[in-house]
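Structure provided below as structure tokens; questions to follow.
Chain lettering (A, B, C and D) follows the sequence in which the chains are written, and residue indices restart at 1 in each chain.
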């Protein structure tokens, strides 16, 4: 099909040409000094992205691996982990924890809002024996488009006076939505390469805290590939204990440079703007945004509820076949009922209009009841905001 | 600026990744057998694009070079050439002819329609001494978006019983708008790489006729680089008389494959559809399309007249600064009064909506009087047409 | 430094342009039908490379991950594993096994020969209680350049009538040295992308047997990321249970195509030839090849012993600084005493001569006692063999 | 065929990955400000390569086009041009001049030495009427590997007190062999992209002098594409009068950066060293270098005479078929008798040893009488020189 594919799933995202070209270079000796300089650069740069001064571990693995790493490095067999059912990815992380021999408790959620600080606080207060060893929360639930209030959850844990570790998944928010590992007191933050970092999949991350490092000393789960200890030791010199994914690291180096050139604040604003424009379109169509909490809307993606009786997957197929655009499927409890529009990564206003135009035309072709005018609403917002900005300085946003 | 640049000038156009990657390969020995196979393939494939069975000469040069080549290979110093003032590119070709020592006569045009068969016929009939040696017409006038009726002009020449050569510039139509070198009896067709062929600039073409080859024998203009004779001799074996632009030929090989895979008829339909959608948007905005002849609208580009008192270049700057989109400037007589939307090459519906969205928002931001609703009109057309198509088979269009 | 770097470590290897360019493409939706076709193609093609008809699992991970996967999918905490100290990589695999909670027994080796079938057979015969659950052997010991006789070890296990699983590491032999997963009765074969497969690091493999799948049912080690079960289930449709390393899979697709186009037999012959040429050079220099068994010489790499009192790492530095070539370091017990010449992957005769020339000149510059003439010996062998071949048909070898 | 092709013709040369990747980017608007910055950068940088402060014109054309441009911009029909038969490229330039309507006089040469200052001086002194309007000399004769003494020829012209223009072809020396447009008083220097500039073919150059610009005013040959006037006018702002070869300019930008990062002096030394090493190899084989003047040996290429009765083209075919290496053919008067080894561009010591190794093995396989030992002689020279250099600082050379 002619023209560019519109990859509007909530990740993997559009990889910028600069990043792809950076990866398109001969693999170098991962024990040599040229690699060492690269290793030091990315190990340092990735900290800025996580807003941390603590070490960040980089794995040659998918995000799922970094989920596993966060657990095996800090916990012991049979430990109880408190999780919150924010959506499908929370459910998958829970399943993974159980496969590793952990016990889990799942605070039930409605899939239309993020993890609730109160619920977590209540549960921790009741855990007077401190049986719970870790609280696991998904920052940006990729299946629902709700963003959890991580700083508030931190306060909730502190108010409960509970010593549990705080583990947060930022796979679909890192580099797209403001996230502060240090300031928010997170012990392990899990990230991946293929979303806001604008890379292909294949790298994932654990950002650590001192408390996490202490927990590592006592953790009893078996580990080797994921073990932080040797990683951190060898990372000090810019190297890795086993063969790293060299060419993805070339790309990471460039992606970090691009994000910092734009400025993280501008990156976050840009994503928030595109989230707002998308929601205005959805509402103009007369459809519902899955996330019900106004303060929790995601800048990375928007999940849209289909009208009753309409099949979201059939709609997505119409859009793909006619307009060469991939939208995200509804997952788990909302499978078939929801489609997701990814608007993260290397993205701009006109790409968003193409995306929303494809959705609006797809609704028409698929015969989904809706009111035309979504694209118009998005344009009014985007251009209105820029007019208010007064000049082209906002253009980079 | 984040996301992809929207390069919506009427060429150079968006180069597909496959073509860029094909060019991103080591240069090979242009005297070796591997090159020979490539040379034969592109020399054969390019004929299909021109819809000819005669030889096509490929120059390592811009389209301007192929303009020059068409003249120096067929004409002699002082020869009179009849040209038609369809717009800026006709004017530039005329200027070039004069620099080469030809005399020119320019049938005046209004820059809102293409070359008129009647005017040409009348002039030729008056030329009873056959002083006119060639008639030069621009097929798709890139400055106005009007497409000349080449088959009718051929008939007009024939009806006049005039022996003049017929030279046609298809630089911005080749591979985008139906063009038939043999069927329409053109003697030399001039083409370039950077428009419908979806390549970077740097290659240009002369498609020939037997009559053109005869004229070459007698032509008195000095030539060496552009000389067809040695080219055609050496091309027979797949080689070139001097070093060809090897890596651009890699790209040409892939571009031809892509065009033929899609099918020329579908390629032309796709461009026509995007032209129609664009004009509907323009009219919905209350603006005028520069081309006034309904039968002559271009599938490659649409030139739009600004309302009185509005500066097109200022508007283009607003669009570039805010939305990272390049639009074409008004040229020559319509400089400052017109902007041009390129919708040719590797392009699809959603890219067009992003493009039109950028124009509509730009009009709002720049304070250009207009009625919103252009994007909506384009969407109604595009989705309506697809609904009428009944299924996804039209998706490639 | 000008010109191409000579990456003559025993992996990562030279990645062909075709593979790099294949990876340099937009990431696609890993849940869509285009990906599905890719997934089926690589999952099928990789079996041919392992010479198996059983499933091969593809991980987004380094080879070290596939080592871990082979163990956690088949064994239980406290299980005893018999390993053979063929060199550094056997030692690392043993260390990994212990970190996972396995007990290991290490048959001692001399680092100048591969795993010995007799020693393994003897040990298994003594294990009348069948306490040993798996025998782990490195096929091509990357630290020594000795190739273990896998078929003979299989026979030794069978003769001992022992039910242990047979796990083999082919990270540096796969796609370079003949290896037959099915015919040789291996239960789990471990492979990686960055050696004979000519890819960047970031993918690794487990080829399975029915017996391995049975063992998986009963294995008690915790696993999730590495778990074969969900992988195999989802792989049936060409998909993966979590986000795969999409762009590396593009490269794998192309690399498999290249290997099969050349033909595995020719690939193995080519590597063997380059091993032989390298050893002739080493001997002409008056130096010793580390591997002492004539039948065990590797086609992937040659480890060379430095004369007494000469520092191999200093020598490697001279070669890198003067000739822009990376050689492999001596590892573990032979650190500083050995350098390694990688001659695997996308490699040919002239690249080998450049490599050997760099070594010979490096020896001269570093003042290492040696007899010049190694390159000459290699040339005599290579050209002599081709002369004997009688024509250019051997050129691809 | 596996491994990298050895492209050892005297151009096109090996294009560095950085340059290919730079070209592998979307084509930009050649009328926009981003292009303008690029245009200014390359127009300024290319002057450093020509060692001039005068303007350099960049054509989207092969080197042959720049030959033509040098003539049509400075001369008038029927003008007499003095040329020197240094070899095939001088002969081709002469043929081209004649096709353009110039009269030529060819000082005969022996194809084993470069243009002789005395002969030129004598002829000019005899031309008391100043009928000769230009002296054309090839700096590095690509067909013979002899380098003309340009500064001496300048002095010869001056001593003759003759006002002829001095035009020099540096297509295969620019960026490889020291060349000083201003210091040596050349009026028009002709260059191309595909040799020392390490780019694919498709760009060529005219460096000018004030005298050349004066001659342009009076020149009577017809010109448009090649006309300096509009070029220089528009270049002032970083733009070009017609569509430039945008992506080749991206590559040029990177290539200039690479050459200047290495330093022109080091670039020239590196080429000279490789020329010397090659000649030592040739002599060790008992073969003759075509160029007989010790002071004129080229750093770009070495032409080698085959022993009597041996067919150079058959030998080249053996080398290509067996070793995947392209060597240059003998051209014109030495066709079949000579093969040429290109050692220019992005090249280093180990690539040279692979090249020479391929020649030495090819001689053996083809049964060409020779003494083995050429590679050894080259290694002795290269390593001896580095030892003398005392440390790795010479590594970049």
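By definition in this document, contacts are C-beta pairs under 8 Å (C-beta built on N, C-alpha and C of every residue); 3 or more make two chains touch, one makes a residue touch a chain.
Which protein is which chain? UniProt says A, B, C, D = Serine--glyoxylate aminotransferase.
None of the values given here were measured: they were computed from a predicted structure.
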Chain A to chain C, fewest steps along touching chains: 1
Interface copy of A-D among B-C, C-D or A-C, judged by whether over half of the contact pairs recur: B-C
Greatest separation from chain C - chain, by CA centre: B
Geometric centre distance via CA averages, chain B-chain A, whole Å: 45
Distance between chain centroids, defined by C-alpha means - chain B, chain D (Å): 35
Cα-centroid distance, chain B relative to chain C, in whole angstrom: 54
Contacts with two or more other chains, residues of chain C listed in rising order: 4, 14, 21, 24-26
Residues of chain C defined as touching chain A within the complex: 4-5, 7, 9, 12-15, 20-21, 23-32, 60-65, 68, 77, 96, 99-101, 192, 194, 200-202, 221-225, 227, 242-248, 320, 326, 329
Residue numbers on chain B that touch chain C, as the complex places them: 17, 21, 24-26
Residues of chain B defined as touching chain A within the complex: 1-4, 6, 14, 24, 262, 267, 270, 318, 321-325, 346-351, 353-355, 357-358, 360-362, 364-365, 372-373, 375-376, 379-380, 382-384, 386-387, 392, 394-396
